[in-house]
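Below are structures written as structure tokens.
Look for subunit A in each of the two complexes below; its partner is subunit B in the first and subunit C in the second.
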Partner chain A sequence: MKSREEEYREIFMAEALEYYDAMSRHISELEKDPGDEKALHELFRLMHNLKANARAMGFNAIGEVAHRMETIFGLIRSKERTFSGSMVPVLFDGIDTIGSLIRGLDQEDEITTDPEQLLENLDLLVQGEEPILEGEDKNADEDATRKLELSDLVYIQIKKLDHLLNLVGELIIDRDRILTLSQEIGNPALQAAASHLFRIADDLQYSVMDARLVNVGSLFNKFPRVVRDVAVAEKKEVELTINGQDIQIDRNILQIITDALLHLVRNAIGHGLETPEERQRAGKPERGSLTLSAQTERDDVLIQVIDDGKGIDVEQVRRKAVERGLVSAEASRTLDTNAVRAFLFEPGFSMAKEVTDISGRGVGLDVVKLAIDSLGGQLRVDSILGQGTTFTLVLPTSIAVKGALLFELEERSYAIPLMHTDSVVSLQPKQLHVVGGILMARLLGENIPVVDLRKLLHNGDSPLAPALKAELVGRQDIIIVNYNNRKLGLIVDRFLRQQDIVIKPMSKPLDMIDLFGGVTLLGSGQVCLVIDVPALTRLFLARRP
Partner chain B sequence: MAESEPTSEKKAVKQDKLIQLIVFRLGDEEYGIRIEQVKEVTVTPEIARMPKTPSFVKGIANLRGDIIAIIDLEERFKLRPANESLPSLSYTLAIEAKDYTIGIVVREVPQPLSVPISIIEKTPEFIQDINIQDKYIEGIAKVDGRIIIVLDMPKLLSPTEIMQLQPK
Partner chain C sequence: MKNRILIVDDSFYMRTMLKNMLSDAGYEVVGEAANGQQALEMASATRPDLITLDVILPDNTGLDVLKGIRQEQPDVKVVMCSAVGQEVIVNEALESGATAYIVKPFSEEKVLEIVGGALQNQGTDSSEA
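Up next, the complex of A and B:
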């Protein structure tokens, strides 16, 4: 494995060489037509970017040359100088020097080009004086030995990587199938080949998944600016701390949570953190603290947005939930703090008293919740009144493979992601009770509603008939799923096994049915539907008797 | 051969442009789809029934790694007595709709057929289903006494139409 710095340097080099190629092209265009404003503008822009990148990486020689070149192109652009005479060879030389400086970065022991003479000449040009030109011989010599080089890095469209990952998914499915078949057939040579295929396919899968990983920092690093802008608009003072930029995660997952994270950060500044005066009165430092952090926990990536603001007033949420008719006043009193906080994720539930530009437009945390759900992740909120709030996003590292529980219902296999599975139990009918038409199981001191999945999936959208205990015969296999702090037991025909599955998204037009998060192919070649627990929970709430 | 082929082709173009149709039977009528809209024809693979879908959606199937929806147009358009079901061996036409592939089950092996484009007559206005906004019947072709209804599949298979579902 390469070190992080080495990787950054390679990325810088690849980008810089690309700039260099573009600069060479544009300066030739400019030589042909000194009035070509587009080429001039591009040169200015490329120099500016290169300067910024080189300085950020600590490559000062490149930064210095680019800085002076940028100044000169700026002068040409503002018509204070013209691209003619002795300036032309100096600028060409400048771009060549940049090229060799960039290439020199990965050849530490070789003597790199010394840009001193060039810098002097560029300074002279800036001051409007004649540069000191050397003999032409040297240049001609250099041109003859010039090498054309290709970059060590390739840019690749994420679409191509998506395709690659899909293919690997297929391969894994076929691999499992071949492994199953080879065990059935029992031929030793076939078994050996199958287990070899197993290992190679595994390696391939992890390599492709690895190629898609990016640093969380690539998203986090966009936040200092966002935080500044939001803080100014909200008249808050915010100290942003960023941790764990090096944690790696699938690029598409990062893409999907971008808006969610933006929303949480805006919320934290808009609603979480108090104004400097309020903070002073509460005995807190004037500057509010906001932390974005990433860490790995087993196979998951945890991303947290932590503020030290006023925290969430559970009683206020409770009142609001009753006002909105989400729960009866009576029932609301028995709910614990976690259950109450879960209301924050209900569609349209906003705690904002006034609408500001930044947040509180009725677009609530449900948007965040939906984004996380679509990834099969979890969203948690912890808060201490007066001390602050922490939102935790639990995300899979990779979209491709997920642990799932396989079960059978009406002779078909279904899968439920482990992320949403709490436990599995087998209960006798006498351990289940009917409360208000709903089956209830008491497990570890908790009352959990239980529903026959078969009934939930069929018979249209009308409310379910009240449950009858008499319908339960023999042992009931129940999967307890957990979504948004709500537990629900699903009666299935039979548990099958736990397995890592590759989830393929549901193809159009069936993706309109949100009850299924996708499909997977089993080793037997059978198509297996993957249940989307959030949607299933919603369906239960809509159809409960 | 090599020399005569282009000339004969040119002649055909001059006379009339030929189009290739894949012809299949639904109910009592023959229907045709332009061949470029058909991705492949195959024996219907194992179909997994999908809960929460209308009954004419037979389910989903694995077609060379693509998971596609399989629908029964006879049932969708009530072209078959309700008590009659599909034979155990049927064929599936994988159709390329605008941005997805969908499978259509048919009873008999679909046949290719070349017809000159000029014989496709425009349909009388009133035949078009008024409930469906896009005109999915491209026209009617008369070939040797047969009548083939030429369908414009992408129009017929818009997700809301075919699934009778509201978009999310």
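Up next, the complex of A and C:
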């Protein structure tokens, strides 16, 4: 954990070097065109910032030089001095000195630049007097030995980072293969080299993942404008709070959720928050509150859109689900609040037309859900009627690798992303019951439907035959998956292990089978299909007896 | 209820320091803006109780931003932040309705004293380094 002092120092250094580069550029522009007011304003502004920051850090030499330089650029701006004559070399020298003072901060043993002569000259310039320039020789000498400094920052196209990440993915697969082979061969030297390769590849993978991280703020900071425009259009008054701009996430993940977040924010203002009059009647402050927040939770990033509007009317959603034929009236009564709210994410499930003034949520939420699913993330909604609604996006920090649970079915390996696995249990047949042709397990007070994965995968288009308890022999290994607040138990042959996997998209024509989100190669060289839990859950709901 | 503060400064370093100082003291920092345009947008969207406003910004002066904010939100408290040497702008800002000002570099105590004072509407104060 870095101390705050260290953090401040790092930020200061990075920003100061950035300022120095920009100042070097702008002073050259000014030399070419002394009337360049934009360059002049930037020089003035950057000096001003550098002065303030350096003084706050206690770097007085930098502060002193920057203070005088700022004053002179200020005088040039107000046309009391002109950027010409003997002033020019002194100001160039000033910026060079600032550069070496900043770099000197990092190198304690090196002799730091003494800016005394420079400060004197800058003072003379401020007073409108001639600076004392040293012999031409010294300057020429200095210029000849000057080192060229390149910026420490590189801009890179995301496409190149994508390519790099793909290569790392391939490398990881080969690495696991080599590691397995080396164990089979049993040569100690080979094993040592393989385990070294393992660590290096791991480091490489995390470095590449790290290089792709950007601040959530780069997206969040676009929202004040959006909120303002939508609020005006909807005649709502909205107070926006933005938290966690510094949380880091993979740039492509941020790209993919952009539309989803836009949608949720528009929805929150349009359908969640009430008009000022309605709010007043409900005894709430006239101005609605909307919060965009990001935080990390273990390896995931949580992004939340929170409003204090009217909330979701669960009974309304329940009725609507029955009308739409998504659930029978009888079954709907047994569903808990979470299960009912999950209907909001069903394709085309809109509350908008008929019940705008009551709830009005659900407009295109399935699109949001799809975007989050494509990332292997989760979308949750919590709401209290009359008090507000919170949408939570649980996103992976990186798209490169995912934690997965490996299991065996009919002598083949499969993987299920951990993001969707709830728990793993081994149950005796007597702990399972058949209700309405469906196996049910009661776990921690919850009734969870259980299905034999083998049957689900092999059943074709026809509905599943009613489950029979007599078919269950011995302990059953069951993986409980969770999607959209719905739990489902999958009976498999054998649990294998937990492992980080690199998921590769399936090639045609396999990609027609939408039950699998991709494939991964195991160290043994075996191809392993990755189960797409959302698709599997939908299949179960469609085929249940 | 926590007082809500918007920070406007073009230096990331300054924003970080201010944010830490203010949130440690129990204020809610509702956003950070790095230029005048962002400042106006965020002020309008976040409706803070108080804004710390740097006098020199890349796209316009803190003074223009102050006037823009004042037009829309006459009641928000605005604390101008400036390093020494910009007293002219600070004076003009106070005449244009700034609540108080802080001179950089500032100590944590001074920032909290001035921000706290401004929120109780005690008028202007300074913090010569």
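One rule holds for everything that comes next: the second predicted complex is superposed on the first by the 375 of 545 C-alpha atoms of A that agree within 3 Å, B and C clash if a C-alpha of one lies under 4 Å from a C-alpha of the other, contacts with A are read in each partner's own complex, and residues count from 1 in each chain.
Criterion: contacts are C-beta pairs under 8 Å (C-beta built on N, C-alpha and C of every residue); 3 or more make two chains touch, one makes a residue touch a chain.
A quick note: this is a predicted structure, and the numbers were derived from the prediction, not measured.
Student: Give one of first, second, both or neither to describe whether A:R412 is in contact with subunit B, with subunit C, with both, or with none.
Tutor: A:R412 sits against subunit B, while subunit C stays out of touch.
Student: Go through the superposed model and pick first if A:F391 touches only subunit B, second if only subunit C, both, or neither.
Tutor: Neither partner.
Student: Just checking: does A:H458 make contact with subunit B only, subunit C only, both, or neither of them? Give me first, second, both or neither.
Tutor: In the superposition, A:H458 contacts subunit B only.
Student: Touching A:L521 in the superposition: subunit B (first), subunit C (second), both, neither?
Tutor: Once the two structures are laid over each other on A, A:L521 reaches subunit B alone.
Student: Look at A:E170 in the shared chain and tell me whether it touches subunit B only, subunit C only, both, or neither; answer first, second, both or neither.
Tutor: first
Student: Looking only at contacts as defined up top, I'd like to know whether subunit B or subunit C touches more of subunit A.
Tutor: Greater contact footprint in residues on subunit A: C.
Student: According to the stated criteria, A:E239 is in contact with first (subunit B), second (subunit C), both, or neither; which is it?
Tutor: second
Student: Can A:K504 be said to touch subunit B (first), subunit C (second), both, or neither?
Tutor: A:K504 sits against subunit B, while subunit C stays out of touch.
Student: So, does A:F73 touch the first partner subunit B, the second partner subunit C, both, or neither?
Tutor: neither
Student: So which positions on subunit A get touched by both subunit B and subunit C?
Tutor: In the superposed arrangement, which is not itself an observed complex, subunit A uses no residue for both subunit B and subunit C.
Student: Within the complex, which stretch of subunit A touches subunit B?
Tutor: For this pair, the touching residues of subunit A are 170, 412, 457-458, 504, 506-510, 512-516, 519, 521, 525-529.
Student: Quick check: in the complex, which residue numbers of subunit C touch subunit A?
Tutor: The touching residues are 4, 10-14, 16-17, 20, 28, 30-32, 38, 41-42, 44-47, 56-58, 83-86, 104-106, 129.
Student: State the interface residues of subunit B toward subunit A in the complex, per the touch definition above.
Tutor: Going through subunit B, the ones touching subunit A are 46, 48-53, 57, 60-62, 65-69, 97, 99-102, 157, 159, 162-163, 165-168.
Student: Where on subunit A does subunit C make contact in their complex?
Tutor: Subunit A residues touching subunit C: 4, 7-8, 11-12, 15, 42, 44-45, 48-49, 51-53, 55-56, 67, 70-71, 74, 221, 223-225, 227-228, 231, 238-242, 245, 287.
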